[in-house]
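Next, two complexes with chain A in common: one pairs it with chain B, the other with chain C.
Let's turn to the complex of A and B:
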């Protein structure tokens, strides 16, 4: 038997030491087991790199040169700065995390009937602790392993059976100060027949190489409706790694929307599974990239049961030398008959050297299904540009209108009007910054 | 100098010369018709004047109210007062007609150093002008020309013209694809925009449109040049004799 000694990068070595320190003390119970298992997996596999198929276009070993130290508890000045900068959504209660730490004094923690929130570290000792890690994928996922090792900061949100929560809940993550790394996790349990909309936002200063590792576990109960919107506007030197895991019950609906315009490099790994029949999922998103930004959306959706419907639409706008990646895989299990799945990724290249890698895949083991996928890459239509310019609209403004129209197709899928307008405005602001 | 002054204009596309020394003077208040067989360069003239990027001007001049058009980008030509009603108006999915109209009008006003119109003022003006052309509120909310019939697209062109109030309007085959009722609506819209300060150049293959938009002058274009000019009776003569004298049968 050959023994291959993997060469560890500086970042992997530093992370390895931090992982060992975090798991050195004996920790009893399931969480201790999870943490130790993740540490062992990380020690064996390290950061994912381009020879790992799911990370082919996002070589994390190359992208994450250093491991930023774990973020400490923010001081009053940091909290004040973050509170001043944090984005807000009209009418939505907001829970604020600064550098990964929950700031109770700046958060709306009492949310009314039907919805409760609890800090993750407290919840790890409570009845919902069993949910943590329950949706982890079979395959090794490097960022998720690290997130599990450093599990502690985050929130458990529970929406009680039958509760219809009309106002979106906003969990805002703000980074401030010198480069550091944060690991946060949100567990959202939407019980039978309940309805809720959760927004997570991520933001931080430009020019600071901080690292955000975020994970979400989303349980959509039978007959439940869950909407999850994430707004990633990290600073331009940040590394943002996200793992979204969801299981969808029977007769349930899930809509996710990811809006990405921030970070130097980002990756969203989305793992979804239909666990009950007659459910629907819409997984959509918009990526707006410029300069040398890199953004990867990789999703794996398991149709494990019959009669479910899934729709994915991702739109990427790539300016300058930016690089977009979309990898989507729909797996239809042998008995998942009558599956209806459609996946589409469209990219608009604005820069001569912008690049998009699209890899949609279907793995179908059932014989009575309707599945399709598609991917397009193109540039702005010169005929349309001329039409707009012939009416007096200058080049940049005409481009902006067409780009807005391009991403509009995805943004229009947001049913909540406040959130739709919120994201349309953020896309417009991105275009204005780019034009300026 | 005339409001629109074109002198010895030569233009090519992909090294093929289409306009071969075209000259034309159009004064304020006049309506000129340009007729001619297919392939004579009529549409090319409209594109070259409005600044379509694929064409290269190799010789000659074109000025609008003394402003050198050929030096300007398409948007600046529009702001200088030039309007082209397209033969085939394109669909712009995702850009609401209202947004498009407001963006265009305000961009032109900004370029001319004027204040942008307030939203209520803008809405009032659009509603009024749209009503005259039978354009519904629903059409204004839809993406530009998306799902519009041929006639609706042409009416939308005239609405844009009415709103942007150009000094010189070029109407490229505005009658193509219109039934007689649509032709009447469009012609009435155009006629209501005739004024002593505005000039129009109506490009058409057929005389039919000129029954509705009666020109002051008619020019015959052939092989990239104006080869004959006259009054409105010239159109009737062409209708009778066809373009056979110019190497092509009447359509």
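Let's turn to the complex of A and C:
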């Protein structure tokens, strides 16, 4: 009846201008169309706010007060600083992005047989260009629309059919310098029967209000096996927005793990779809938050075909006044019989005024299914604490032990031992930093 | 896979036209002019001899309603409702002075429903005469008769129609009406406030344990009559009351609109138990007709140590939009929600609860069992919130869905919000079909497929059935078996 005219925030107006400038020049081909469609979507909807159901608990209009300028190409000093700070994973070849720009000189680009990497801007003109944007959901939300408009920086990784890549590939994103915004996208194509593990990490300085917008498109081919681990340790004033999109083929396996302890505010939107039967997905994660941090994990898993299995386990530790959000939705289509889906979100509230919002949803249109979800919120168990203290362990240490055990349940799900140890160490470091 | 085949067959052959209570009683009735305007509101108010303040309240609601939009967030779809195409008031023409004057046709209708209206019949109708059931029968919009009034009055309990309460007990009505569900709470509640026709009013004085179960039977009987019941129950300090509500409606083609508001107020140490069996006409086997049921039910645990418990068995209506909720305001207060929602044919159910924890040491429990068959859609939508100051709040939620047939849908949409660290919330939900193992086990012990399904479904909903008062549990069990009747073999 009454049409509400949205008043655009300053950030939206600034972003709107940047979007117009980016799409002003007539760009031919599919990428140009993609960019224009995303620009139209952003012009129509702006940034998502709490009246948008999927963003109910993360009001981006309120969280993103300013539109940071696009980050420029980093100078030698920035690259040197980033190279010094960047986290490294034992034995894993690393590709370095500084302020959203690929630094070829500091990256391992020759990866051996079976796996090739190509900068996204070059790939947009190559044979894999069709994959870019192919997994986007029908309705763009604000962050993905912006990521699509500013598409350019990123990487296309292709794992050839049958190739079994033993060592994980590490894509490291480091931010340095004054506040700016970066838009990056990784496209990972795991061909039939191939196996690969990809790690993406994000880090940056505290106290700088920079903005990271990252997107991943992950194609898991038939009989393929893909592991994706993301480590988000952005600076404490940063805004981190991520969109993960994946399609899983027949008889395939996908495991994702999301480790979040950084950024002032972050959001991961995960869209997964089973495209072939008898496949398996495990989507897990750990969020460690303190002070006034806000972290939102929203996932939508589409069981479009029969005989697939999915497992989700998310653990949140919320200290101080932090705010955790988990929204998970399993959709089972009318013909997707024999679907087996289990989703679990557990939160530990350490801070008196910490807040956790859970919205686990099931949407089921097939009858021969086994689906369930659970959500718990609670404090540290007093009796367990007492048990430890009675055995002479000081309060703080006892707390740390219990928290470690709590997140351990999710971390143990990581198959790769090096990565499991890597993340357990980072969780332990977080606990030490918090106690200190 | 014979077991699967039988499940499929049972749904296919499930005949929703078997609606047992689908008949129309032919009695004269008086209607307000069709449509909704300030004049309709004034007409209703005048018909009820209401005081000026009540009319003002209704008009205020009507004006606010004009500015509101129909909510669309629920997972239900139906053709746009033309609110001008309904009658908003209808009453039987003959106002009875005593039971003897009640239209014999109405009495016969109640007989068919098995409701003992006369005290004598009520006493005969139950096993334990020392705890008789009082029936405040709402036939269309007007309370036709109220029984047991004298006995209740002895205890100081007020149990009458809301219209009577407005005239006889204005101070109580003014104090509590609209205090739990505010005038502009939501689209349908506001509509109800403007045009509510009748309903029940209960006041239990301090320290009184209501000596009998209070019960109301609703029937929608007049063609194209919107039904807007308004119920207000107040349990004063230390009081206890158990209130039963049951309804069933005749079969007809046009969709009927129903927007009820129920408000419960529990003061310090008080307890209210509210049970519902809803079996309105769900539409025919092609999904035509049926009742649109948009209900706002909310309880306010206003005092410390108070308790409100909702139990519902929902088997009817084409569309159900209903979220009986508890506001746990008083310290140590408790809220409970037990629900069985069965949908079949083309029924759409979007139901659940809200537990709003505001006081310290508050606890709530939600047990919801959804059974979807045929081409129905069954959604649980719930919210559990602990506010900053609601320290040590506890919630346990369990919502299970059972799917019978591959054309139906079962959905779960819970919102779980904890805003302080001492809250402990647990939520679990499962969706599955009747397992072949269970069926096989029953069959190989000589049960017929129909008996086996009935047994398993009964086990599935047992947790909730146990919460119903004994007198009601029997009726509810009958309803569940009727709902799944003819589904096997």
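Following the convention adopted for this analysis, the second predicted complex is superposed on the first by the 432 of 436 C-alpha atoms of A that agree within 3 Å, B and C clash if a C-alpha of one lies under 4 Å from a C-alpha of the other, contacts with A are read in each partner's own complex, and residues count from 1 in each chain.
Rule of thumb we're sticking to: contacts are C-beta pairs under 8 Å (C-beta built on N, C-alpha and C of every residue); 3 or more make two chains touch, one makes a residue touch a chain.
This is a predicted model, so every value here is computed, not measured.
Contacts of A:166 after superposition on the shared chain: neither chain B nor chain C is touched. The larger set of touched chain A residues comes from C, when the choice is between chain B and chain C. When the shared chain is aligned, chain B comes close enough to touch A:391, but chain C does not.
By the touch criterion stated above, A:351 is placed in contact with chain C alone, chain B being left untouched.
By the document's definition of touching, neither partner reaches A:417: not chain B, not chain C. In the superposition on chain A, A:382 makes contact with chain B only, not with chain C. By the document's definition of touching, of the two partners only chain C reaches A:359; chain B does not.
Residue ranges of chain A in contact with chain C, taken from their complex: 1-2, 53, 318, 334, 337, 347, 349-379. Listing the residues of chain C that touch chain A in their complex gives 4, 7, 69, 73, 388, 401, 403-433. Within the complex formed with chain A, the residues of chain B that make contact are 50-53, 73-75, 77-79, 84, 86, 89-90, 92-95, 99-100, 103-105, 107-108, 111, 143, 160, 164.
Put simply, chain A touches chain B in their complex at residues 382-384, 386-395, 397-398, 401-402, 404-406, 408-409.
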